[in-house]
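Presented sequentially are two complexes of chain A, the first with chain B as partner and the second with chain C.
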Partner chain A sequence: MEQGMSPYSDFFRRAGTGLLFLFLLAPLAAVIVVSVNAGTTPKFPPEGFSLKWYGTALSNPAFTGSAFNSLLLAALATAVGTPLGVAAAFGIARGRLPSAVRGLLEAVFLSPLIVPGIVIGVALLVALSSAGLRDAWLRLILGHVLLVLPYVIRTTLASLQNFDPALEEAAHTLGASRFKTLTQVTLPVLRPAIMAGAIFGFIISFDDAAVSIFLIDSSTSTLPLAIMSYMQYNFDPSVAAISSMLIGLTLAGALAIERVFGLKKFLGS
Partner chain B sequence: MAITDMEVAPAGSGALKPPPSPAWLVLPGMVFLFFVLLLPVGWLMALSLKPSMAGAFSMEGDWTIANYLRFFSQPFYYSTLIKTLWVSGLTTVITAVIGYALALVIWTAKPAHRGWIVLIVLSPLLVSIVARTYGWMIVLGDRGILNQFLLGLGLIDEPIQIMYTSAAVIVGLVHVFVPFMALCILTSLDKIDPNVPEAAMTFGAGRLAVLTRILVPLTVPGLASGLTIVFSLSISSYVTPALMGGPRSGMLTTFIYQQFAVTLDWRFGAVLVTLLLALTLLVLTTILALAARMTAKWSKA
Partner chain C sequence: MAQVTLTHITKLFPGAATPAVDGISLVIPKGSFTTLLGPSGCGKSSTLRIVAGLSKPDNGMILIDGRNITHLSAAKRNIGMVFQSLALFPHMTVAENVAFGLKMRGLAEAERRPKVSRALELVELGHLAERYPHQLSGGQQQRVALARALVVEPSILILDEPFSALDRKLRESMQIELYRITRSLGITAMFVTHDQEEALTLSDRIVVMNQGRIEQDGTPREIYGAPKTRFVAEFMGLSNFLPAQSRGSALVFEGVTAEKTMDAGVPQECFVALRPEGLSLSVAKPDGPALNGRLAEAIYQGATSSYTVELPTGRRITARTPDCGLQPGQDVWVSWSPDALHAFAA
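Let's look at the complex of A and B:
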């Protein structure tokens, strides 16, 4: 099939593939190359090798403070969103509901994926302001739980639908209580799916700018927004250094998902 | 399910009662979604029907469609809608072409190379949006890599401006949405028996004919879901247009930001939000309905 199927001759196919890969990788490679540039502007080709921009980025309080906020926010949102999502997935998959109700519930629970992030941010800002709630952390946590929720539900639901009921029946037959079956059999089987959803939710929350941009205030910002506002007035390679660190972090998360669940399966589901 | 339970339980262990329905477990999530998403969005949509007033987010005032009339009567406002549609449309078409090519590359790759190629195709998704945009600034800027390359080759005499134009927005969007498209198409390609295109070629079909007459028709479901996802993600994207297109990128989402963060005319801004949501829903339902019809047609053929 390999030779027979290619729509072009081998040379053009390779050249075309190379160009496509270049398109995909060029901005990422550019960021990493510029981050180790010794010069003061993001010149290309770089003027020598240096890690000084990593030092500059890490000693910029605007980056470190907001990075701490982003990590804390993503962790809190994942900690709240994961149990909420797992419970909802159980209710949908095991609730013995009419299929129309199930479909509706699934659609509602996955709707945060369809509603544009900027709409989620604006709607929360307006609703909470009219309720008199103006705390940035409260707004951010509510908005980010919303971001995490659908990913956890999607992976958990997929795993529950493939769940072999014989496992639980066997546990029950062997005398395990319902609670013990849940904690010793069902949840361990579901763990990879729950983990994948939670990790992806964490990354989405950590990387979000569209929802947060309306929910931060002058004293509380997140890392993507701090970088965005820094970029408006500065173009020095410290942004490249912090971006490279973010690339490393997301790559680590993606590898974790790949190990526990399979990335393609996850993104394709 | 309950019946299999009964059958599996051995006679001596006593009949296994079906556990109580855990449907109530959806309640906490439902309550959360209602108060954090449905109610706020509904409130905002209602607000769009109140007279425009800077800074007002309460429900005071009479019901009116004045905000909508204002939006559709002034070119400055409704041009954002038109621009959003054509930028998203062009993005979707280009993404489909590139995504199809990449899906074919993955599909025809040797199994040993497949993992690496999938990783490269997914790489734009795995990178923070600000990092990606900064990378494009380095590549596409006035003194960026692309301009230096073209100047060096003598193809252009002075740098061409790419950043802060619609072209930059489209490049940025295509780059990040290609993985979705490629994966959707690949899912359909993987269902095709590799013997089918081979048989066609044995009988003298050209490569182009194999592509247009066999592969594309058989991948309509994947292509349709890819188009749906990419178009709806494009119209609702905010960060890429804001960073790559500059403050006056003229898209609906950047205009929404202006209304809510700068002009503070929240009630008029609510019109834009309602239109964006309506557009997203319209696109999703239209393309899904179309896909269902196409699938039915192809499966009959």
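Let's look at the complex of A and C:
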């Protein structure tokens, strides 16, 4: 047995980990339990089992319309942001840049991860308004591309840094042009990383409220914002039902990342 | 198969004080297995990469069968290369890896298939064609890299320390396999290693490099048996260097005179080296030249023992001979077979 690893400290370590998981997951479990409540108010413990609030939520046009908007927005932002992010990562990793410039570029491109969403939202609102850009969809897509980019850049950059340059050289000696090398070797080798970044970006875009709130207009909303505004005037378990569906979607995304990339590798910077 | 000619190849990396490759000229005959041998950092890889077209020389020319290819891109040189990291494409199966070069040459699937299976059979991997590289052992991955380079029927095969990551046993069996394959195909090969045993095993010809230059160029027998410089001698495992004077056809060192036919290049003030395996020890003074000293150390090593003798000048020489039962402290005579004695410029 290792020194200093008494059975007691091992017990406390396990108990600590267990408590942490409980703290993180209990609210999610509560939401799911509430969502199948047969009563009319979100109550714990629930008053019987029913899926009726899922029906209510899914027949509410404020939810379905905004859910469609959110899906479309996340898809568009991911479709635009992914190739941009990959290109940016190549530029940072492979451009002939002084290391200070490289570090600065990386920090700028990854800054949406650190800057609070509200700040990004306000900044975008001011900038886009003064540029005369008033179309909600255009503003939302621009804003959400900004949200997707750092995730794609981060995973692609990590994968590029581990990339064996001999792979491309081998392709060259075997007769591949630069373009063929890129499409047949480099991008396929990076594909899991790019996919993981894109899936994560999609989820972030889909869940976002802080940036979107500054960019929508009265006729265009997103699901997280629709949930928030619904809750200001109503208090019934249909919100829990919608939230449960969001939890399911996020979980599916996380599983997809785990499958293509390994979640540990993704989260460990 | 082709002849490769390097003329005055020079490469100076930006910021480096001395050239990595310093005016290398070399002809590699058709069908020969030539090894660049030298310590790490002496410019072997840089030279190979210039031949492969992965790096541009500052000066000099590369000819293949008399054709100047110095400015041809790597993709158009038809050179098969095995990299130190192997560089197998991780997202492709073994068969797809091997087929890659054929695909890039525009061969249709139906033309590729028989060539790929023949290449895989050559390296005895036919049964693993549908595996991915990460599902293979180190030795199997080596063979895939070799098959991938050979399947395009390259004019030369280039290998940059392909076995350096393998353990000794696997390395030896891969060496034998590479020997068998290259000789059966009669291919022109350029091999790089820093391991002199590997070079001796594989090569028709060894080019010993030092600081971007060629130190000596010859058959394994010439390089091992008649090293021309102290650098080559040391690199080939020679030891027991002693200062000496050359006088006509004789060498004088440690007060002893020994007859030796020498290269014209050996100056009056020179060095001799005595190959440890060519020395014998005795208690009685032998006929012919011998060095007298005190046995300082005797280490039993199985097939041979290692004896270190301290000479009256304080210099030490080591002999490796079958165990002869001598004890440290004894007064002994060291004699040598004629081909164990070498002389060099300092």
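As a convention for this text, the second predicted complex is superposed on the first by the 249 of 269 C-alpha atoms of A that agree within 3 Å, B and C clash if a C-alpha of one lies under 4 Å from a C-alpha of the other, contacts with A are read in each partner's own complex, and residues count from 1 in each chain.
Going forward, a residue touches a chain if its C-beta (ideal position, glycine included) is under 8 Å from a C-beta of that chain, and two chains touch if they have at least 3 such contacts.
These figures come from a predicted structure and were not determined experimentally.
Colleague: Please work out whether A:23 is in contact with chain B alone, chain C alone, both, or neither, and reply first, second, both or neither.
Modeller: first
Colleague: Mind working out whether A:177 is in touch with chain B, chain C, both or neither, as first, second, both or neither?
Modeller: A:177 sits against chain C, while chain B stays out of touch.
Colleague: Looking at A:166 after the superposition, I want to know if it touches chain B, chain C, both of them or none. Which is it: first, second, both, neither?
Modeller: Both chain B and chain C are touched by A:166.
Colleague: Looking at A:109, would you say it contacts chain B, chain C, both, or neither? Reply first, second, both or neither.
Modeller: The answer is first: A:109 touches chain B but not chain C.
Colleague: After the superposition on A, what does A:188 contact: first (chain B), second (chain C), both or neither?
Modeller: Second partner only.
Colleague: Identify the partner contact of A:95: answer first if only chain B is touched, second if only chain C is, both if each is, neither if none is.
Modeller: first
Colleague: Mind working out whether A:157 is in touch with chain B, chain C, both or neither, as first, second, both or neither?
Modeller: It touches nothing on chain B or chain C.
Colleague: Under the contact definition given at the top, report the residues of chain A touching chain B in one complex and chain C in the other.
Modeller: After superposing on chain A, chain A residues 166, 169, 172-173 contact both chain B and chain C.
Colleague: Within their complex, state which residues of chain B touch chain A.
Modeller: 1, 4-5, 8-10, 13, 16, 19, 21-30, 32-33, 36-41, 43-44, 47, 57-58, 98, 101-102, 104-105, 107-108, 110, 118, 120-139, 144-145, 148, 175, 178-180, 183, 187, 194, 197-198, 201, 207-208, 210-211, 232, 235-239, 243, 253, 256-257, 260-261, 266, 269-270, 273, 276-277, 280-281, 284
Colleague: Residue numbers of chain A touching chain B in their complex, please.
Modeller: Contacts found on chain A: 1-2, 4-8, 16-17, 20-21, 23-31, 34, 42, 44, 84-85, 87-88, 90-92, 94-97, 105, 108-109, 111-112, 114-120, 122-130, 142-143, 145-146, 149, 153, 165-166, 169, 172-173, 178, 207, 209-210, 213-214, 224, 227-228, 231, 235, 239-240, 243-244, 246-247, 250-251, 254, 263-264, 267-268.
Colleague: Name, in rising order, each residue of chain C that touches chain A in their complex.
Modeller: Going through chain C, the ones touching chain A are 52-54, 73-81, 83-87, 89-91, 100-101, 104-105, 148-149, 152.
Colleague: Can you list the residues on chain A that touch chain C in the complex?
Modeller: Contacts found on chain A: 164, 166-167, 169-177, 180, 184-185, 188-189, 191.
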